[in-house]
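Please see the structure below; I have some questions.
By written order: A, B, C, D and E. Residues from 1 in each chain.
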Amino acid sequence: MSLEASFALGLGALALDVDLRCPAGAVTAVLGPNGAGKTTLLRAIAGSVAVDAGHIALDGRTLDAPPGTFVPPEQRRLGIVHQDHLLLPHLSALDNVAFGPRSRGAGAAEARALAAAMLERMGLTALSGAKPRALSGGQAQRIALARALVTEPDALLLDEPLASLDPGTRVEVRRDLRRLLAAVAGPTLLVTHDPVDVLALADHVAVLEGGRITQSGAIASVTAQPRTRYVAELLGTNLIRGDAAGTTITTDAGAQLIAAAHHDGAVFATIAPAAIALHRREPEGSPRNRWRTSVAHIDVLGDRVRVQLGDPLPMVAEVTAPAIAALELREGDAVWVSIKATEVATYPA
Amino acid sequence: GSAADEPEVRGTSGGERDVTLTVAAATSLAGALEEIGEGFRATRPGVEVTFTFDSSSAVARQIREGAPVDVFASADEISMTNLVDDGLIAGDPAIFARNELVIVTRPGNPTDIDSLADLSDAGVIALCGQDAPCGRYAAVALDGAGVVLDESKVTRGQNVRATLAAVVHGDAVAGIVYVTDALGAEDAVAAVAIPPDLNVVATYSIALAEDAGDARTAEAFVAYVRGDEAQAVLAAHGFLPPT
Amino acid sequence: MSRSGRRPPIPVVVVAALTVLFFSLPLVGILQRADWSTVWSDLTTDQAVDAIRLSMICSVSAAALSVVFGTPLAWVLARTAVPGRPLIRGLVLLPMVLPPVIGGVALLAAFSLRSPIGSWLHDAFGIQLTFSTAGAVVAATFVAMPFYVLTVEGALRGVDQRYEEVAASLGADRLTVFRRVTLPLIAPSVAAGAVLAWARALGEFGATITFAGNVEGRTRTLPLAVYLELESDEQAAIALSLVLLVVSLVVLVSLRDRWLVRR
Amino acid sequence: MSRSGRRPPIPVVVVAALTVLFFSLPLVGILQRADWSTVWSDLTTDQAVDAIRLSMICSVSAAALSVVFGTPLAWVLARTAVPGRPLIRGLVLLPMVLPPVIGGVALLAAFSLRSPIGSWLHDAFGIQLTFSTAGAVVAATFVAMPFYVLTVEGALRGVDQRYEEVAASLGADRLTVFRRVTLPLIAPSVAAGAVLAWARALGEFGATITFAGNVEGRTRTLPLAVYLELESDEQAAIALSLVLLVVSLVVLVSLRDRWLVRR
Amino acid sequence: MSLEASFALGLGALALDVDLRCPAGAVTAVLGPNGAGKTTLLRAIAGSVAVDAGHIALDGRTLDAPPGTFVPPEQRRLGIVHQDHLLLPHLSALDNVAFGPRSRGAGAAEARALAAAMLERMGLTALSGAKPRALSGGQAQRIALARALVTEPDALLLDEPLASLDPGTRVEVRRDLRRLLAAVAGPTLLVTHDPVDVLALADHVAVLEGGRITQSGAIASVTAQPRTRYVAELLGTNLIRGDAAGTTITTDAGAQLIAAAHHDGAVFATIAPAAIALHRREPEGSPRNRWRTSVAHIDVLGDRVRVQLGDPLPMVAEVTAPAIAALELREGDAVWVSIKATEVATYPA
């Protein structure tokens, strides 16, 4: 019962071209910058837009495969939760949840009983009679979850379900979500901007950038070996692309970096910001990478300080506030950088 | 030119230079009066005659509301009488034309209507409004013939032409209109004459408004309408002479 | 409500007030003209009662037909890529701007007994529109439905379609989506459109008298009765107009603010 | 555009198509009635040219006056807590639903030379509305402006006021905000409202003939000329109607989709 | 040149009642849950709504003080940046920026020159001619900033200026913002949900909850001594309210906690999640606080795990993933908790 989405689709300025497989019983997170096409991907799977080429299949059942097949949205048996809850404003919470069973043929009483049971299970019985406008953001999003789950969908599509919640509420709803997702048998697709969601909820991750999937796989593998600047920035690490010859990596700009491991050909290298040491004068000692550069920006985040370094190898170093004070660093200052070769993680590009 | 730049000389300052005469008349007179107006203009250079046409009662209402009318030509005695009673007419109205009623049917008279009596069970009959002149006259004629029409088989046009149109375009089987209208419709309808003893003669009267701007020119126009040239035009439009 | 902080600018208010005055004065004028001592007797004659009854039948039917036929049309205009949409919309809005008498002539051309459709309706079903209340309803619908279509098409375009997408994902087919999601979302506009159409039908004169005729008890609605009365008894005409005026005003006043805005 | 995935439901399309047919047939009927051999000569008589010219003057003036006076009114209705707003709105919308002839009678009551205002206008400024083009413009404005006000009030309510708040914070006084922010934001609706008002004014008959009379070259607009010609030359009447019809249709067709939606 | 806002204002369901002082040259962050009234607070200062009572003054100039005074928005000389940039859609970027100077009386050419100079300064010259819909989220927000700053406002009001940006863009715009805010002479009010924004950009913080300011002060003091659950959650720490007698704190629910410091009367106590140790059996040794409870929730965030504990003292403990694996903890399990008295920070309530 896995979801297979391998299709192309043009919509306005967006050219979406993806090949995605989401295993059953697992959560696949879709990450990507604004306008990457994440919502459009979900809409294509839901049948709100038709694909131009390729196919979408759920559990072997083809949902969309032009020119011949197009299963209408109401027959796809999916559950959708959107950032803006989208509870029907004219129905009570209970009737919103009962909407699915009712639409799938249950009688009014039966649908309401199913909905009531679902709300009970989620501890939301007290909200049954409330109209959506009377619900807080967190409550509304929980009802929306209940509405999507009560029909026991074959697949679950979540589009930034936590994005509009304030941080406190977000933690709570995320916890509910985690518990509920564990019980879902089919595949779940979770669109999010927040790495915390990925870590807390997802098993796999796919990164969508400019309509294409630039990286996907198990979370650990993606976080360990980011392949695009977007992913690296999300993880707060530095990503460098270059050509390796043994332990020496030469970037396109001509800068060189020594790694501990041997590689040949195109490679990525990541360096944790905290692994980068800064000095006023040329440092002595063991680190095999050292060069002189300038400070482009200094971002103070409480007791930690992120220092954006300039050419030849732009990267971010993270040091403590006292350290920066001791160095008397200011934007524009010259600075020496040192990095141990063992801190330069390399893998093939 | 529009109203704004049209020089209007009102008052009684004598000369006929650049005088504008406003004649308010019943719509059924439109064709004839426009032609008569041309003729009048030709005899009186510098005089501009403008017409406004509506049903007699509507025109009368406007006069009552103070519309700057110099001459009123009515198809309806009542409208004229009311204005006289209200003191809005100068002098006595003069009858300048007459008209008779006629039955009109579809071309070829498919329903074989030969008399007023045939109207009672022919289908829907088009008449004018009970209180419009042609409607009143038709009622008199029908009364005279002892014909009672079921009101649910009568459609009443908002004016004579609408009554005629109900026969020409609509589904009325017959109607009672003026002879002049039947004539104007040419072969779009067949006319069935009403015997003179049953027919009603409508009279058209003309008069000066009490506060006519240029009374002399207005009088001249009224005289012209009653004159031979104008009478010939009216006759050509199917009107009967005043006497 | 909070203290508004500042007044609306004087010149704007003055112009707006003048405009309201422009619309009020004729109304006041007609109220002044009314002879209140006879209003009641003028309104309770058989003919007046008949006309009021007919007007209610025709206007309510026209509004109902507008909803029944106008809603699918508005949906197609708003939601499908139907070819020639601007032309279709122009065609449908035309009766709104055409002199009604011309509309009536056009209706005669299409549906009189002498037209192919009119004769077919008559021969096949015994339906005759001219001189019948059905015809008055058709004429009223012809001039009134554009108001409904315009209002509801706008509302449909304003609906957040994601509600409909979510409902479909929950298993609702399109009819269910329309019935249980779209319609409730645009309910205020449906009501507003129906009210506008109803009010327009109530005031309809030219197309009705031209197409359906002016037959007492069948097609002589209030405006037709008013017109006839204008020939003789202006007081009776004004009394009947007052009915129209008051009823329309009450309904228009009840058009709540939110009905004018798509949410 | 992407492949749409599914067709619109058949029953809906059928009903919509029937409705469009209902609106098209009368149009086709009137086109059939036209005698195309004489249309051109009928349209180029002095009277016809006069009527067309007058109709343009009156309808464009009415649309312009609607914009000038209707915009402040719409703003007040949409943006201020004016007391009795529903009543004011009902009053302003009334001419949309009133039989135009009654509108004309009401205008006479308010602005004829016998009325206090009419006589004041005449004595103080020499302005006389009856039998003058100015009167025809007033009558057309009376029936047309409600369309404009309704459209623009709705658009104003739909504007995201945060744009205006930001503009004010940047130092723009309210006039500047209105001119440089609000107006550009509602421009499509202003255009749509003006077009609707213009089209309504173009087709205006009853109020004009009753209030301003039917004077050639001054108040005899196209619909009035059509009425007179119906008395004599039906082909000419149809030719004139065609002008009205075609012009209205062209304008309504050019009403772009987005003009119907508040953004 | 400080901003003083001390007023009450009712709007719909919201009853806003605040007393806020924002010093010149400093950034005051306003934090608070959805619907707390943050946006309304800014709108009142901007003059978009009038206050019901109290007053608002900027640099001694009274802006609003019913019933007598109400300075219209256009005369308040403020700069506003909103989450949804709100660039005028019909004007180019340059004309959007020129709008302020133009409205304040500059000629068209002069206004455009000022705007061009501002864009130049911010490195946005390339975007001058673009219409807002052609701009990315980050670009649009930068133009909105330029528009607010070009008029040299007496005070700057920022309403979640970074909220709609994706994480990568957010970092960049935050950096720009930081640089620009440093040059602003007047007071700046920054509404945000994101503690990172507070740490990176703000000097002071005010917490708005349910229309009232529940805590305010220097960032360090607020983070050190949170006074509401909302703030504590935002900081990721545990907040307990109770009555102290010496080193013993008794909560309303009757639970007891031993702190290191002496206090008497109502106190708050905070405990860092990482300072809470979990055990399967009753622990031995020095920690003076120990009790038995149950595991309510377990939230896995990558290699860290947050454990929500049940009664009698609900709090969150943070442990590493291997530690939780070793404990074999599952939701609902019984667990022993130990906390050193020195980890219980107390301060008067």
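To be clear about the criterion, a residue touches a chain if its C-beta (ideal position, glycine included) is under 8 Å from a C-beta of that chain, and two chains touch if they have at least 3 such contacts.
A quick note: this is a predicted structure, and the numbers were derived from the prediction, not measured.
Common neighbours of chain A and chain D under the contact definition above: C, E.
Per-pair counts of C-beta contacts peak for the chains C-D. Note on chain placement: the centre of chain C and the centre of chain E lie 54 Å apart, centres being C-alpha means.
If each chain is reduced to the centroid of its CA atoms, chain C and chain D end up 16 Å from each other.
Averaged C-alpha coordinates give centres for chain B and chain D that are 32 Å from one another. For chain A, the set of residues that touch two or more other chains comprises 47, 72. Of all residues in chain D, those that touch two or more other chains are 4, 105, 108, 115, 174, 227. Residue positions 58, 61, 165 of chain B are each in touch with at least two other chains.
Within the complex formed with chain B, the residues of chain C that make contact are 105, 108-109, 112-114, 118, 128, 130-131, 209-211, 213-220, 227-234.
Residues 1-4, 6, 22, 24, 27-28, 30-31, 50-54, 58, 61-62, 64-68, 161, 165, 168, 184, 188 of chain B are the ones that touch chain D when the two sit in their complex. Chain E contributes residues 43, 46-48, 72-80, 82, 84, 86, 88-90, 99-100, 103-104, 147-148, 151, 153, 157 to its touches with chain D in the complex. Taken together, the chain A residues at the contact with chain E in this complex read 32-35, 136-137, 164-169, 171, 174-175, 178-179, 193-196, 199-200, 223, 229-230, 233-234, 297, 299-302, 308. Contact residues of chain C toward chain D in the complex are 1, 4, 8-9, 11-13, 15-16, 18-20, 22-30, 32-33, 68-70, 72-73, 75-77, 79-81, 85-103, 105-111, 115, 117, 142, 145, 150, 153-154, 157-158, 174-175, 196, 199-200, 202-206, 223, 226-227, 230, 237-238, 241, 244-245, 248-250, 252-257, 260-262.
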